[in-house]
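For clarity, chains are labelled A, B and C in written order, and residue numbers in each chain start from 1.
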Amino acid sequence: MTKPQPLTRHIVSINDLSNREIETVFQVAYGFLKELADHNIPYRIGRGTSVASKFILASLFYEPSTRTRLSFESAMLRLGGANITSADPAVSSAAKGESLADTIRVTSNYADIIVIRHPRDGAARLAAEYSQIPVINGGDGSHEHPTQTLCDLFTLRSKNRGLRNMKVAISGDLKGSRTIHSFVYALARFGATIDPLPAPGMELPPHVARRLREEFHCRMVSKSPNEADGSIDALYVTADQPHQLSLYAEPEIDYGLVLQKKIDAVYVTRFQKERWTEKERPYPKIDAKFLGEGKYSHASVMHPLPRVNELDAALDSDRRAIYFRQAAYGVPVRMALISLLLHLHRSKSLHKFPGGFAKAEHPLYVQRIGTGIQCANPNCITNDPAERQYAANKFYIMEDHSPQRCTLRCLYCETDIEAEASAHFVVSDSTRKTYSPGLAALKHTPADKLRHLVIHNSEADAEAAGFAPRVGGKKAHAG
Amino acid sequence: MTKPQPLTRHIVSINDLSNREIETVFQVAYGFLKELADHNIPYRIGRGTSVASKFILASLFYEPSTRTRLSFESAMLRLGGANITSADPAVSSAAKGESLADTIRVTSNYADIIVIRHPRDGAARLAAEYSQIPVINGGDGSHEHPTQTLCDLFTLRSKNRGLRNMKVAISGDLKGSRTIHSFVYALARFGATIDPLPAPGMELPPHVARRLREEFHCRMVSKSPNEADGSIDALYVTADQPHQLSLYAEPEIDYGLVLQKKIDAVYVTRFQKERWTEKERPYPKIDAKFLGEGKYSHASVMHPLPRVNELDAALDSDRRAIYFRQAAYGVPVRMALISLLLHLHRSKSLHKFPGGFAKAEHPLYVQRIGTGIQCANPNCITNDPAERQYAANKFYIMEDHSPQRCTLRCLYCETDIEAEASAHFVVSDSTRKTYSPGLAALKHTPADKLRHLVIHNSEADAEAAGFAPRVGGKKAHAG
Amino acid sequence: MTKPQPLTRHIVSINDLSNREIETVFQVAYGFLKELADHNIPYRIGRGTSVASKFILASLFYEPSTRTRLSFESAMLRLGGANITSADPAVSSAAKGESLADTIRVTSNYADIIVIRHPRDGAARLAAEYSQIPVINGGDGSHEHPTQTLCDLFTLRSKNRGLRNMKVAISGDLKGSRTIHSFVYALARFGATIDPLPAPGMELPPHVARRLREEFHCRMVSKSPNEADGSIDALYVTADQPHQLSLYAEPEIDYGLVLQKKIDAVYVTRFQKERWTEKERPYPKIDAKFLGEGKYSHASVMHPLPRVNELDAALDSDRRAIYFRQAAYGVPVRMALISLLLHLHRSKSLHKFPGGFAKAEHPLYVQRIGTGIQCANPNCITNDPAERQYAANKFYIMEDHSPQRCTLRCLYCETDIEAEASAHFVVSDSTRKTYSPGLAALKHTPADKLRHLVIHNSEADAEAAGFAPRVGGKKAHAG
């Protein structure tokens, strides 16, 4: 009962959908939109279909929301389905101290599909692990918000007929905004150029920038010619045919042209004050003056909303503003995603694909609960005291070029424990009861033997857990 | 997309419905009630119709409610429709600082009709301005609560077959109760006599009393013959044929008879403690002793509920108590209103009427955002910091008898800036860059030129905004 | 309108259902489950039926809940019905100070069936008194949680094909857990043996233990042979044919065998911290070590969930763990109960039975509001200041063996005012205006004359209420 059915698909990250699957979602969404156009009702869907009439969506929102929750619930109703809702953590079983893992296992018996919002990074992935029905991530901490990105892409595509060669500026809190993280992965994957305009100290997180470079084949190009030092003042340019390129080949891109290209869209985000300890910080405001610069003359202005003060209300009547259309598209796009996950379309489906975006297959290290290292991200769901006994630490072992180094990427929140920081780690071997310094042992162990290894924070931790230092391939005498 | 469709009707005030339209609502409601009677289920509607099966009601409640929200949602379900609900401001996007204007623009893409409750006076009117779908006011601050009044009138009518010549006493917090404000307008319009029994210091607000007299043709008649001074100890008597009378003609009413007439209904309201800073005040309690007086012998006892202590529980079994019937009628009355606003009745509709109750057409002054005077009501939605950039101040220019004086009525909360208080205002002319003292200029300017004027609080404000005093029709030299 | 229809059935206590009716609920639930099995979907119900398509369930939750509320709402949707929900007391009319009695009278016009959760013992019974539609108790204070018990029994029966001769251990907070109270009554009625394993100081409440012995024919048998003193260290053994036995006949049970019998199920409960003033107390943890004892080798592990720390997460993969199945059965069991209460089954119904479990008919004393004694349980709904004017104190007069003594059982919370404590009570006679010491007068008065009596806390109270001591059958002269 707690075992997921084999064909259950979850959408936790935008990268759980391949590019082709995203196109499928959009095709279905356009179909729903077209029904409207025929009735001359712009952007609103008649509740004309009842394909989901036997299905229930459970909305589990552990954080404030109007837009996302109501648009999911509206989408489900427009499909003919029904909703059950838990929208306030303070009045739910969480108030009694229940773990997310338990809530999901129970709720997945009451509904056919779950959408979850949670303040912890990686919470949606944990939920998916414990769910026998599809889980959609409605926003998890600062990690991802994939359905917002689907709406964003759909809006851009309906305006521009494609994303390749587009140049998209992203402004504001690039660090705390989960919307941005899902968005930049998608932009890169579809061949757009990303121009970051972060508020001071709110640059893209290092692990996101790293993935853009390593996994999604972006090149960082300095915007100011004098400082070609790879600092933050740089564009991310997607290589032309990323999936056919090897990681180190130089694509045929004329960076000069890219730098001069006008901005096609400015994506503005609010200061995610719930993710910071400071309540006020210097923050850019996008207004008519900012957009008066020549390169923005045809730039669509986008915002995932809600906005506070970072976007001037006077822009609402500017022809470049498309943020209310973004919000409106939330219904058809979510209708499409829900109906595909529930297999309600005869000829289209997501379930035949084994997973999402084809990524490098990294070996996975799964740690036994109650021992070994923790994720370095304090906001990761694995660091939530209520979840610890249900959330084993799991790390992908990432490739590094130095043979002695190794980076660990948390399966849940996808932040990296960098090789530098991991120098003091040791790897213990449960079979031999010994440990070795550094993470090199992880790289030398085949995937099917990884379960015998335990990563400890230090030699002391390993010894406390009953391991002895390994000496020359043999177990040393315990001191 | 943010532009309302031309035929979208909103019910913000009871005066948005003409008398004839209110009768239409009641006819439809009786139809729904009759279906019940045929099944011998008193006061409850079988969910027998599915006319609204393609429609979604969005409930946006920024203030506590059980009754109003649940009866709207029940009505929508009984019509075959569905609901999406945001019932707690603390868990909605408002918690992130989103403005009402943005929330409405977004939500109006997710649903087909909105009901809103909000603590600010005038919030529902602002919502209607930004909505492309019908907005129903479920209570806005101390302003109005028109659907409660529809239930009240429906209850009175089902008991008395009409309102003309009825005498209705209204007791309690007449100042803070939005229910009372909508109710007294309706009573006046349908020819009832209003007998106010306010708690000390909780009389009808001056602008409501003024509208009763000037707009709805009521005469104030002193209840105590010795004090015919127009003080609060007075009845409001509706002129017999108000709409055919000129404003100043004396109707043929025998006030002596009116004063002696027995009370037909006592309408009790609770102390609206959320609208006052004091938590306790002397407050009348309606009980068997109070109702023992001869003039109340056949008086129906009404209450919009919830009640606290102002209505003795012992009255529940009194044959005069009809307050639970009032609540029960909430469903058929709201079914009727929703279905009419959604155009679900073949032969009946609200949408052919251009507006609500035919009122005097006052010229409208619309101020540019960020300049000029503010509404004098601190609880007006235009004074909410989060809304200021979306809520332009708008005032109707009311007629006054002195040529030098002029009263401004806020479009949103409908409170008046009285002529006396406005003596220090100046009117600036954007074309000529000059200002003149007083509001007289407003009266001398044709409606289509009003957009060139700006009302400032003082000469200093006008000068700070770059205007110079007007001298003899010409611009003076700036000091 | 406030008068319930004669055939309206409420499920406030598990004892409102007879054993045969519980079997009927299970038959219907199995029918719903079977539909699933045919589709190979374990534990989940397709929304295949629309028998309830004309009906609305109102969820009124005055306490946190996810599981119970969502499973009720899911059940209603799976039946084709719809829901209206008030899930947060802070945003409902209760925040304005409304009484439960009023809320129920109003809500029962908006829906067809109500499920209520409330922090006060007895609240659901009060709600049922004021409702014209069926009320289901979703948990009231520490009193009862009958639908959880239905799920528990259904789970046990689906595993064991019956309850007779089973031995069920109950662990944890037996005092504060309403789930336990409903469960032990049902276990006793179906012939199971109850083995209490309370946390220190959290034994079954005296009135529950008393009912097990007196009403449900249980024998207390000491678990430790040396202490046959009837202390807490005892089993409750159900007599073999309880309903055919007189109260004092000794059933033919071999207690030695019962004591040796292995445990069939361990029912674990969390510390109900919201019912205690202390936030931490010593509490048993059920884990693999505990269950390693031989007598638990085949014991199913049950838990009503949510769990905190009292049940080791490592047990989740233990074959004995059936707690997630318990939760999953919530949907079909509640579907069955709702559909039976709404009379949606042609051949099966609850409405022909006059009441619940056939219990001894005790005379009922109903006190006038505002006078006389209060229930001794401070958490009883009758002691809630907001409800006092609607909740008359009502007590069953229980049989006692001493002619001078008499125990009173509150109709709402079912706690007893014990004879010992009631020694200082006096009974006043409204007809004669006299009072007599003790409660003996209650036993000597026929049921139809009880309404003339008033129980006062003391002679002083009776005299303050205008009664004089009764002297030799005549009224004494007032001092």
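Basically, a residue touches a chain if its C-beta (ideal position, glycine included) is under 8 Å from a C-beta of that chain, and two chains touch if they have at least 3 such contacts.
In this text, all values refer to a predicted model and were calculated from it rather than measured experimentally.
Counting the residue numbers used at the interface between chain B and chain C, under half appear in both copies, so the two copies meet with largely different residues. With angles rounded to a multiple of 5, the C-alpha fit of chain A against chain B returns 120 degrees of rotation. In whole angstrom, the spacing between the mean C-alpha positions of chain B and chain C is 47. Of all residues in chain B, those touching 2 or more other chains are 82, 85, 88, listed in ascending order. Those residues of chain A that touch chain C in the shared complex are 1-2, 53-56, 58, 82, 84-86, 88, 90-98, 102-103, 105-107, 109-112, 369, 389-390. Residue ranges on chain A touching chain B, taken from their complex, read 42-44, 46-48, 61, 64-67, 69-71, 73-74, 77-78, 82-83, 85, 87-88, 270, 274, 305-308, 313, 316, 324-325, 327-328, 330-331.
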